[in-house]
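Per-chain numbering from 1; labels A, B, C and D assigned in written order.
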Amino acid sequence: MKPLIIAGKEIKSRLFIGTGKFPSPKVMAEALEVSGAEIVTVALRRVSFNSPDPTLSAIDFDKYIVLPNTSGAKDAEEAVRLARLARAASGINWVKLEVTPDPVYLLPDPFETLKAAEMLVKEGFVVLPYMHADPVLAKRLEDVGCATVMPLAAPIGSARGLKTEEFIRIIVEQANVPVVVDAGLGLPSHAARAIELGADAVLVNTAIALAEDPVKMARAFKLAVESAVLGIEAGPIEEQEKASASSPLTGFLD
Amino acid sequence: MKPLIIAGKEIKSRLFIGTGKFPSPKVMAEALEVSGAEIVTVALRRVSFNSPDPTLSAIDFDKYIVLPNTSGAKDAEEAVRLARLARAASGINWVKLEVTPDPVYLLPDPFETLKAAEMLVKEGFVVLPYMHADPVLAKRLEDVGCATVMPLAAPIGSARGLKTEEFIRIIVEQANVPVVVDAGLGLPSHAARAIELGADAVLVNTAIALAEDPVKMARAFKLAVESAVLGIEAGPIEEQEKASASSPLTGFLD
Amino acid sequence: MKPLIIAGKEIKSRLFIGTGKFPSPKVMAEALEVSGAEIVTVALRRVSFNSPDPTLSAIDFDKYIVLPNTSGAKDAEEAVRLARLARAASGINWVKLEVTPDPVYLLPDPFETLKAAEMLVKEGFVVLPYMHADPVLAKRLEDVGCATVMPLAAPIGSARGLKTEEFIRIIVEQANVPVVVDAGLGLPSHAARAIELGADAVLVNTAIALAEDPVKMARAFKLAVESAVLGIEAGPIEEQEKASASSPLTGFLD
Amino acid sequence: MKPLIIAGKEIKSRLFIGTGKFPSPKVMAEALEVSGAEIVTVALRRVSFNSPDPTLSAIDFDKYIVLPNTSGAKDAEEAVRLARLARAASGINWVKLEVTPDPVYLLPDPFETLKAAEMLVKEGFVVLPYMHADPVLAKRLEDVGCATVMPLAAPIGSARGLKTEEFIRIIVEQANVPVVVDAGLGLPSHAARAIELGADAVLVNTAIALAEDPVKMARAFKLAVESAVLGIEAGPIEEQEKASASSPLTGFLD
């Protein structure tokens, strides 16, 4: 697999972690540790860079690339405002852009997302946008300078797995920036499948944070992603219509 | 996950490996090594326990449980004969029972398989039968004393993945012996999915042996299976109809 | 599509109907009428050929081929006994063979089914066996003289649709007798899909009988099956990897 | 099913037909006739309203609502220009809006589509936009006054079926305008499935036009759509986890 490079930084781990919903900052920190993740996203509406914050305090900023996200933003303006505030307080100029006006499925708005992406790129942000698995939208976000595209697998937190397989394939085929599958992955096999389809990485939050044992689940996703990366590199066989004996029939008994 | 115990032996690794089709005995031996497998199956029509055999010579019999298989047997009689010859020559009384009269899809024959299973169990063999993912057949094989059931995912060597999901679920729900998903797994995510559905183990051969880099693919499947085991143990979240925000919207900015 | 001929009789309708669970004999009779079905199956444990029976009274025996079924039989012996009783009382020598020892999923037993099929064929019955979608079993049932094979789509009454697609394809490819997909079809599109895969007919009961409006649903399945037959006959296009414009771009405006 | 009303007109048929790629205008006319369609779409880049055109001549304008489409338009400007020319020449103010800059998969551009939709609505057009199955985009198109939304099932002409099921469900749930599934439907069962998911109608072109027998295939799709409408109206049963006997076991033989 080709190296995963975002804004000039090589990222070894193909698993990004979201920090919402963990039972405690301590559990979150342990889950991050065992996940091997290098990129960790935090919600700007939930954490404060200005005052002591338990989530942020539990994250080792020397070890992880902290990726503020605009979760909860209803339009481009709100997303841009959140990103600017975060940068002013933290000095971080990476942002995971989420604009989700729909309160039920939390699906991303292509128009507000593109608008915010364009503004943030111009202001020097490294922008990683959450998006529907729409290949034309992916090209547009790439064209305005986004550092990655982050198509969804299924609605956030739904754990329904890769419901957009047909279109993730096309996005991967056409993208010149890394493709990070985000949202809806509920099980390790879902994450492995996304990588096998050609995604450069996956982002997982709810499936880890709300597992009975978040730390063990973090390790599970780590291994799943690594298995899929190795599988791609190992050159898988093609699907066949017919069977093919593992043990050809000629042999000493014939 | 409950321990995997077959005929009184605890098996730590949930990945069984078939030895057919590897580019060389040396590559096979390396793949076995990195796979972490404890159970390794060899085709009795292809290897000889009576004379020097390059495949068998490459397997460390102190390290692996060698599971002779009756691949290529067209009926119960042939399968039983193969098993007896193997036991006489090797002292091994475990057998992976395969009876596949169909030359195109190599699908297992339920009648000849049950007949052979009954005979072999009576003769003191530990019998692990390859079978269609038919829950009633699974109960019958269990009832005659089989040590496991080994339902197929898809035709052997087809790499088509878990096409029998609906019925693997039922087999797992009803089985009192270990369920090992066998045949048709082509990618690490397929193996992980089988374990997530509740299978106790998977058997992989073609997908590893015919990968461009079999050793790396063996490692990929090892990690996939481990990831799924951890995932099950970690208590996954349930699938949801609606979305659920990873980052609840209340926060310092409100 | 080739004509559907069972035991020398040409059957025009590709939709067979089961008569269980209807709200009333009158509704059942109307549903049969609009379904266009020619073959109608009745459960021998539920209806009596010896005394006045409301279900049987509602069926026009001059119009329909009444196919007694052995639903509820736990083994071959019981199934054979039911078939013989029915023939003695009614003169009908067709039988839909169902042997389902499993009380939860009502899945068919391959061993008892084959055994009963053999006996019934020898006694001059026209045997249509309900079976798992196991291609080797299908060949065996064909070999002992069954008039059709009736592989399941999903557990009876589950309405889950065609969960055995991979194996229905193989059964269709290999069969020399008609293939009738039975059990688990819940919606018109499920029935259409089965025919598109190559099945000669489908049998539907619960999805019609327990619909809010069984008569309307009977008509829905009738049209679905007819649509799929026409679709197969019309020579469908192949699936494509890429898109292909419906409206090629050269034209008067260029 | 609630009536399908577009711009105040009630449309009885749930099947819309595209007119590209037919072997001849004559075959096209026959296919339209048997399809029962009331809405027929023609590509503005392929047909001419200004001079005698064989496709248009074959369509009975008194019988069908002719829906000019902007197939081949690369951006909003081109689409708007095509629509205006068509209206000027024909007096028709309905337009199927297609903006597909991607030459390989012909996927619709959400930005140019929304922009063109807004302009055309303001100019008094009845706009039916082809779109990705993105629920947020659907709301936006509805909000600017589109008369329907037309989410894709799969890439145009791919015949791959309903690959966007997860999101069609959400679009249907949230829409206040009719939802017409467009593009990628290859078989009658695909069309039936779309209606069963809640779509108000489907549009089919390639699967009919390029079938070996387009007229027969038109009839197949007609019946498939009708079957699904009836199925929905008949109140289908719910999917079950377990089986449920069609023929309850109590009866005269017990």
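In the analysis below, a residue touches a chain if its C-beta (ideal position, glycine included) is under 8 Å from a C-beta of that chain, and two chains touch if they have at least 3 such contacts.
Chains and their UniProt names: A, B, C, D = Thiazole synthase.
Values in this document were obtained by computation on a predicted structure and should not be read as measured data.
Counting hops only between chains that touch, subunit B (Thiazole synthase) reaches subunit D (Thiazole synthase) in a minimum of 2.
Over half of the residue numbers at the interface between copies subunit A (Thiazole synthase) and subunit D (Thiazole synthase) are found on both sides, making the touching surfaces mostly the same. Subunit B (Thiazole synthase) and subunit C (Thiazole synthase) have CA centres that are 34 Å apart. With each centre defined as the average position of its C-alpha atoms, the distance from subunit A (Thiazole synthase) to subunit C (Thiazole synthase) rounds to 46 Å. Shared interface positions of subunit A (Thiazole synthase), defined as residues touching 2 or more other chains, are 105, 107, 155, 160. Under the contact rule stated at the top, the pairs of chains that touch are A-B, A-D, B-C, C-D. Residue ranges on subunit D (Thiazole synthase) touching subunit C (Thiazole synthase), taken from their complex, read 18, 20-21, 43-48, 51, 53, 69, 71-72, 82, 85, 104-107, 155-160, 186-190, 192-193, 196, 205-207, 209-214, 216-217, 219-224, 226-231, 233-254.
Chain contact summary for the complex, subunit B (Thiazole synthase) toward subunit C (Thiazole synthase): residues 101-102, 104-105, 107-111, 114, 132, 134-137, 139-140, 154-155, 160, 163-167, 170, 174.
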